[in-house]
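Input: one structure, supplied below.
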Amino acid sequence: MAYNLKETSLKPERLTGGHRMCAGCGAPVVARSVLRALKPEDKAVITSATGCLEVSTFIYPYTAWKDSFIHSAFENSAVTCAGVEAAYVNMKKTGQLDDTYKFIAFGGDGGTYDIGIQSLSGAMERGHDMVYVCYDNGAYMNTGIQRSSATPKYADTTTSPAGKVVPGKQQYRKDLTAVMVAHNLPYIAQTAPIGNFKDIYEKAEKAIYTEGPAFLNVLAPCPRGWRYDTPKLIEMAQLAVDTCFWPLYEVENGVYKLTYKPKNKRPISDWLEAQGRFRHMAKDAEKVEELQQEVDRRWDLLLAMCGEK
Amino acid sequence: MTDKDKCIVEPFTPWQETTKGGVVTSSGNAHYYETGGWRADKPEWDTEKCRQCLMCFPVCPDSSILTEDKKMIGIDYDHCKGCGVCANVCPFHAINMVKA
Amino acid sequence: MNNVVEIRWHGRGGQGAKTASLLLAEAAFDTGKYIQGFPEYGPERMGAPITAYNRISDERVTVHSNIYDPDYVIVVDETLIDVVDVTAGLKKEGAILINTEKTPEELRPRLKGYEGRVCTIDARKISMETLGKYFPNTPMLGAIIKIAKIMDENTFITSMEKSFKHKFASKPQVIEPNMAAVKRALEEVRG
Amino acid sequence: MAIRDKLSGNEAVAVAMRQINPGVVAAFPITPSTEVPQYFSSFVNNGQVDTEFVPVESEHSAMSACIGASAAGVRAMTATSANGLALMWEMLYIAASCRLPIVMATVNRALSGPINIHNDHADSMGARDSGWIQIYGENNQEAYDNEIMAVKISEHKDVLLPVMNCYDGFITSHAIENIELLEDDVVKNFVGAYKPEHYLLNPNQPIAVGPLDLPNYYFEHKRNQVEGMRKAKDVILEVSKEFEKLTGRSYGLFEEYKMDEAERVVVVIGSTAGTAKAVVDELRAKGEKVGLIKVRVFRPFPAEEVAKALANCKAVAIMDKCDGFNGKGAPLFNEVCSALYFDETKPLAVNYIYGLGGRDVRVDDIEKVFSDLTEIVASGKVDDPYRYLGVVDANC
């Protein structure tokens, strides 16, 4: 059935209000969008890495999750989920359970790109039937905006401050989606919460209902870390997509497919200038040009992979 | 004080009465925790201007756009933190942020 | 502790001294004994000298140290006697058994003045002639049973037959040659 | 009918795990525990168990997967040693604080560095305050028996804590010895079906595990957790009693060996107890009043019981197979001395740190300890209570 936003509003909400994420945070928007792709009759177990999403949605004695949920530590959301999934396989095999469950692990870019990459790689390689969702807000926001390997070059963070000598982070961001492609998973996608949420919904649905391990990398703007006004959440994601900083694509059994091609590719400066974390360099033509070239290089590569060139 | 059905254990409950390992056995009970008090600006829904496109519904971080039968029916002020994302995406200016 | 027989094995990594010590433990176990079989672990790889141990007793042995004053020493590879102090701590009333084509008299001068009994067995010859391959463990086992009198020979033979029948259930043709190797070892051990 | 067999400690524990047939086993190889998942994976691949075996990429993930599986609602088990245990450190505390009844064979090995694969107790002693129950076995039989009992102890509703089944690397794990096994259905009946009260995969009641726990709750949760540890003492005795009915093998919180009127006593953990028993036998045969206490349960520590057992002896040597690095005494010594503090009559006490990194413990080492105790009793004082046994020392 073709995607219809209004139809999806009929599904039960699986992440309730009453959690304590910041006003205007992108992460719960990503989480509830992914969960909306679950069939209402299916049950789920959700895991989360330590991070904003976890410490704000499950503060004793309140859980915002309507499904069973487990958090154990920072670097192991993937394998904690894999442990639950293994238990499910055993319970099914031994006739202890009739219901259908789906398994979704969440982690921020810190818990996914960095400290959690070993556990993620292991769980994906072993082929557990689960979805790992990275909500990438481009820094360790939970501990106070420290740089991660997902942080864009030149971003001002509390451990890559824009100083008098060193103007913010000195490295380009790691392309984790590409790293996950190298795991030869049945389904991998990069998406963002934009427009009528068709892209994120359809990818979440495919990820959840493709047998075997799947990985979603989802851009999740952070008003505090990126330094923009809270109402602009969706605008920020849209700009990242339209500048091709964050292309939307999927890789199904190794086959790349671009799922969104901006009609007018916007210059990276549009995205940089909208955020306080780039204020120190957004007018520096040389640096902006350098970033533009890197965005173009990666975009061209992707177009080639997707057979768009 | 403690509501066992909702697994709402009051702060400073004797250790004998807390749940072992901090397990919470009432899923989604954060619903009973109100975050409406966080709000500085308040979204107001203009039913005249609303064309029921539902673009506001998925963008809310606090699941506070109330819907029924594919239609918006209101805003959950118990949980809305007043971020203004809904107002910003509305193509018809049917949600306006006002001082709370 | 008086009825405990303590045995030390010297072999080379990959040569099967550890397996032989376990086989001896198994054979003794099958005749109702209490056994210990354990190697001395290290980072040694193929070819390096290794040591393994057995304790065999009528009661459970609780001592869990290595063996320093063995009743018997078994040397799986003759070349080791010039490299390792194989008779260290070996009781005079005991014996050393060496796998070699040489006679006990030929080897005694290389044993640093050890005064006890020196025995030899040509496990290679027996193995080649009965099994057609070099598996020294089975003849070595027969030889040590003969020397150490850990158990009655007939009980040992019956036990080995049972064990081979179980172990080689899928290739019964090798049971007879293995039994032949055991019996020849009982006969041919020298010294 | 018991099954007479000959197995190494690791093989025996793997057999116990097969008989328990847990829902999930997640493990990463590390010497000397590696054989446990090796044997077990062959049981899995030969269809002898229903278990999902998860060959994880690290010990941290092994414990994490066990936490997920246990919370999900099945029995979860693993095995590790030394650095593997160290890599699990964070998850050990989380498993215990989530009150998850995970059972882990902990094959004791010296902790790096320098790297050393041989036996001592530095690994599990370092984790003694992680909230896990710790049971130590002397030989393959005890490793097997403890693995089976651990399941019932950990899952008891008054306890709900994970259990380390500790036994000595190589000495116990790799040596073949006689053993009496239980029949499969006897073990199955003994451990029973696993029925957790709350679990993630309960279709009738979704739950949430592992919250952010703020200052208005955390302390009470910790106090609740320690109650599980306190109650574990009675539960261990209860389960051991039930096990004795099946096997005739009697287990307590510790073993008192020839303690009747014993004046000089060695307190020790693990395989060294066996070697020490042989020395006690030898000295008793000469009419000497010597005895031995082998600590089986180190967590919870049976403080009152140990103090009572030692109340009437004259001198006690407490032997630690790891150092404490507080500069004054190692873990077992500190525990025993604390236990004795509240008693009016207490023996003279001396600590021996011994056997580090697999330094072999010989009969004459234990004989030396008893002869030192004779001197202590004669002089009525302990000049140097912190001693090293078997270390090469230029001043001695």
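Chains: A, B, C and D, in written order; residue numbering restarts at 1 for each.
Please note the rule applied: contacts are C-beta pairs under 8 Å (C-beta built on N, C-alpha and C of every residue); 3 or more make two chains touch, one makes a residue touch a chain.
Since this is a predicted model, take the numbers as computed values, not measurements.
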Selected interface, B-D versus A-D, where C-beta contact pairs are more numerous: A-D
Centroid spacing, where centroids are CA-atom means, of subunit A and subunit D in whole angstrom: 43
Distance from subunit C to subunit A - Cα centre to Cα centre, in angstrom: 64
Centre-of-Cα separation between subunit C and subunit B, whole angstrom: 78
CA centroid of subunit B to CA centroid of subunit D, Å: 50
Residue list for subunit A, restricted to those that touch at least two other chains: 58, 60-61, 63, 65-69
Set of subunit D residues in contact with two or more other chains: 98, 206-211, 213, 217
Contacts with 2+ other chains: residues of subunit B: 9, 22, 24, 27
Chain contact graph, described as a line, ring, star, complete graph or other shape: other
Touch relationships between chains, expressed as pairs: A-B, A-D, B-D, C-D
Footprint of subunit B on subunit A - complex, ascending: 5-10, 13, 15-29, 32-33, 36, 57-58, 60-69, 193, 196-197, 229-235
Subunit D-touching residues of subunit A, taken from the complex the two chains share: 43, 45, 47, 54-55, 58-61, 63, 65-73, 75-76, 79-91, 93-94, 97-99, 101, 118-119, 121-123, 125-126
Footprint of subunit D on subunit C - complex, ascending: 1, 22, 25-26, 29, 34-39, 41, 43, 60, 62-66, 68
In the complex with subunit B, residue positions of subunit D that touch it: 97-100, 160, 198, 205-211, 213, 216-217, 219-221, 223-225, 227-228
Of subunit B, residues touching subunit A in the complex: 7-9, 19, 22, 24, 26-35, 38-39, 53-55, 57-64, 67, 69-70, 76, 78-85, 87-89, 97
